[in-house]
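Consider the two complexes below, in which chain A is the common component and chain B and chain C are the respective partners.
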Partner chain A sequence: MQDSGISVLFMGSNFLRLLEGLWVTLRISLIAVILSIPLGILFGMFMTLKNPISKAVSRVYLEFIRIMPQLVLLFIAYFGVTRAFGWNLSADASAIIVFVLWGTAEMGDLVRGALISIPKHQYDSASALGMTKIQTFIYVVVPQTMRRLIPLTINLTTRMIKTTSLVVLIGMTEVLKVGKQIIDANRFEYPTAALWIYGVIFLLYFLACWPISILAKKLEKRWR
Partner chain B sequence: MKNKNILIKFITLTVAALLMIGGLAGCGTETASSEGQTANAATSFRTLDEIKESGKIVIGVFSDKAPFGYVDENGDYQGYDVYFAERIAKDLGVEIEYVSTDPASRVEYAATGKVDIILANFTVTEERAEQVDFALPYMKVKLGVVSPDNALITDVEQLNGKELIVVKGTTAETYFEKNYPEVTLQKYDEYADAYNALLDGRGDAFSTDNTEVFAWAIQNPGFTVGIDALGNADTIAPAVGKGNTTLLDWLNDEIEALGEEEFFHADYAATLASVYGDAANPDNLVVEGGIVD
Partner chain C sequence: MENIQLQVSGLIKRFGTETVLNGIDLSVRKGEVVVVLGPSGCGKSTLLRCMNGLEPKSAGTILLDGEEVTSDSKKIAQLRQKIGMVFQSYDLFPHKNIMDNITLAPVKVQKRSKKEVEQDAERLLKRVGLWEKRKAYPRELSGGQKQRVAIIRALCMNPEVMLFDEVTAALDPEMVREVLDVILELAESGMTMVIVTHEMQFARAIADRIIFLDNGKIVENSPPELFFTNPQTQRAKDFLQTFAYEKRRTAIN
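Here is the complex of A and B:
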């Protein structure tokens, strides 16, 4: 084994650095997810309003965020803002802002979809029972929407964890970049290290996303 | 051009407006105004005095491009550029903070003042000189092309109709686009990806600075540098924000002074010699005192 690429993993503080990189990835994506979910729910409700102005505003926002690659948004938030206005956002702040903007837009659309998927007869039955609009929303619409939202939200969360690898562009060394640094520093002595390091990164991503999946399953069962 | 500016302003304005929402939500937005020059955003850099005062210099280096800039197994930055960066910090009497850059983001980093100096194997070009100010060179290179031994490419003409791997934002990309448009380019964001592409046979050859391909070919049996000096000799120099004359002048004086003690030969011996072995003559790569002959 002494010649195999896996030994690279245990040289110096390499493994610790990978874990630190994973922490950067998780920190950015979890902060973004935690902020995007409530904002997205509000945005989703805002989208279902039957007001032409609010509809137009939310449409423009959603399409803008959806069409622009996150890479471009990151570049604008980090370099563009400094160039245009002289505001110097830190890399952390730019990344979180971009991922919150993205998460809010996507989450909003998911919430909108879940809300309008509640059949009309549910509203009719509620009002036949004498519920007010607010009561209908709290006791009838929200519980059903929540259940529909879980798998979609988990999808978004894991997607966000993986997409944070783009933050290398603005100088943040997250897990994938650390992996590349390790591979590069050892490419002369251990050319086979790449596969091992990528394998470990795969495992790290898996370990990061798997608990979220389990949590989702539990919640789905409980709220059935 | 005007339209483009308006578009950029519009996009940034929209994003900025959306930032407010983010700010309200309570995520830490660190808005540090840049030394009272907020009116003219294009000149957001720190002068020499401001750097000394803050006690810290921010230097952009590569973190995955051995032997110029890489991170060793203890998480410390190492390499030819880093050796020079350490000396700069020492002579300025300040701490050093490294920022890991990618080839394509180096200009932006220097132009927006996110780093004080870019020391990332940065080749001097006219296009870049419009955006950043280059100090005196400390190294010189030409382009090299490395390819597998069983389909060795020794002449540029052989590349016609073949796939050449390049890294985005490097001199090789612009050189081939300008001079050999008939060569199909396969572009990658990072060096690690580009080398993997060559190893996998996704492309027929890989071109970047000859120093880089030499080092790589020595370590990878089965690959040879078929073309060792293509194009004009390019110089590699530190870059600072456009118009940052105090820092630029200090850097130029520093490089001239270091020439007297043959600092860059010592740098070569410490960082590059073991990688290039006897294949390269240090005088062909190192520039002392900023004088290219």
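Here is the complex of A and C:
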């Protein structure tokens, strides 16, 4: 076991460094998710308005974010905006801004889809029972929308966690970057380290996303 | 004519350039059961939807207990507590169980205590034989059961008038009966009702008066015996003939 790659993991503070890298990933994605969900809900409601101007504005925003690869958005925020306006945005802040913009757009479209999937006769029967528009929204529309949104939101959250690995390219040292550094430093002594380190990173990602999936399953079961 | 509960005068409803209701005059007395018949697309459902303000009217007036049915959203929500409506589609709230479906509006809209409403619900559910299903969700019920719950849900608001919009049209034939029996029982209890239906036997049995609608106008307004045995207009004759024809075909099969 002397030259097994796994021992690299326990040398010095390697494992701790990996965890620190994971924290960078999780912190950015958590902040982005926590901000994106409420903003996305508002944006989704905004998108269902019948006003042609609000429709056009949201359409342009959504399509822009969707068409642009996240990497390009990151570069625009970190290099482009900094240059153009002379703002000194940290990599951290740029990443969070980009992921919130992206998450809001995606979440908004999910909310819009869930809202318009509530059949018209649900609104009719609520009105016929004397409920006001606000009461209908709170007691009839929102609970049904929530149930439809859970699996979609979980999917988006895990996607955001995974996509944060892109922040490497604007100079942030997240878990994948730390892994690469460890592998490079031990390339000659432990050639098999790559397999182990990447294996551990896979496991870390799994451990980060798995509880979210479990939570989703529980909620879905309870809310059927 | 005393005791008018629902008064429709000069009602006109247009969708775009199409005139669906073209000058409807109709008054419903307290405790009266009016059945609206007519070929599909003649505006029967629209008439009902106008009566409780789900469809804003283009012209005319509708008075419920002397109060105007407006499209002012606050006032209409108030008014709708007096006028229950049951639809063709099973329109229970899928995320709530049967009991919660029934109690939601009385508790949230009328601010009544949940206990009191549940007592009402219990009495009504027992009467239609669905008390055992109070904890079930709508998806676990048959169409006929869901429709009976929808009727109870409307009744728990203690309405003065009930509107039924083709409530059996989407049901399997053997479930039609259980729903119509509930409505018949309601009629006996003296509830004012306006019913749109395609069940001719039922219409004949329950109606105090038949309104025959064609092309957005009331063509006949007569007692059921007269309407079914001796319709006054050719259009009503033709309409009734279509049902006779259908009957002959099923007999051959």
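By our rule, the second predicted complex is superposed on the first by the 224 of 224 C-alpha atoms of A that agree within 3 Å, B and C clash if a C-alpha of one lies under 4 Å from a C-alpha of the other, contacts with A are read in each partner's own complex, and residues count from 1 in each chain.
Going forward, a residue touches a chain if its C-beta (ideal position, glycine included) is under 8 Å from a C-beta of that chain, and two chains touch if they have at least 3 such contacts.
These numbers come from a predicted model, not from an experiment.
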Partners on chain A (chain B, chain C) - clash or fit: fit
Touched partner set for A:147, first chain B, second chain C, both or neither: second
Partner chain(s) touched by A:183 [first = chain B, second = chain C, both, neither]: first
Superposition-derived angle with apex at the Cα centre of chain A and sides reaching chain B and chain C, degrees in steps of 10: 160
Greater residue coverage of chain A in the superposed arrangement, chain B or chain C: B
Partner chain in contact with A:69 - chain B first, chain C second, else both or neither: neither
Partner chain(s) touched by A:223 [first = chain B, second = chain C, both, neither]: second
Partner chain(s) touched by A:81 [first = chain B, second = chain C, both, neither]: first
First (chain B), second (chain C), both or neither touched by A:128: second
First, second, both or neither for A:139, with chain B first and chain C second: second
Shortest span in Å between Cα atoms of chain B and of chain C, once chain A is used as the common reference: 32
Residue ranges of chain B touching chain A (in the complex, touch as defined): 8-9, 11-16, 18-19, 21-22, 25-34, 37-42, 44, 60, 63-66, 70-75, 78, 99-102, 104-105, 108-109, 111-114, 190-192, 195-196, 215-216, 219-220, 275
Touching residues (chain side chain A, partner chain B) in the complex: 8, 11-14, 17, 31, 35, 39, 61, 64, 73, 75-90, 92-93, 96-97, 100-101, 104, 168-171, 173, 177, 180-188, 191, 194
Chain A-touching residues of chain C, taken from the complex the two chains share: 52, 54, 73-74, 77-78, 80-81, 84-85, 87, 89, 91-95, 104-105, 108-110, 137, 150, 153-154, 157
Sites on chain A touched by chain C in the complex: 119, 121-122, 124-133, 135, 139-140, 143-144, 147, 223-224
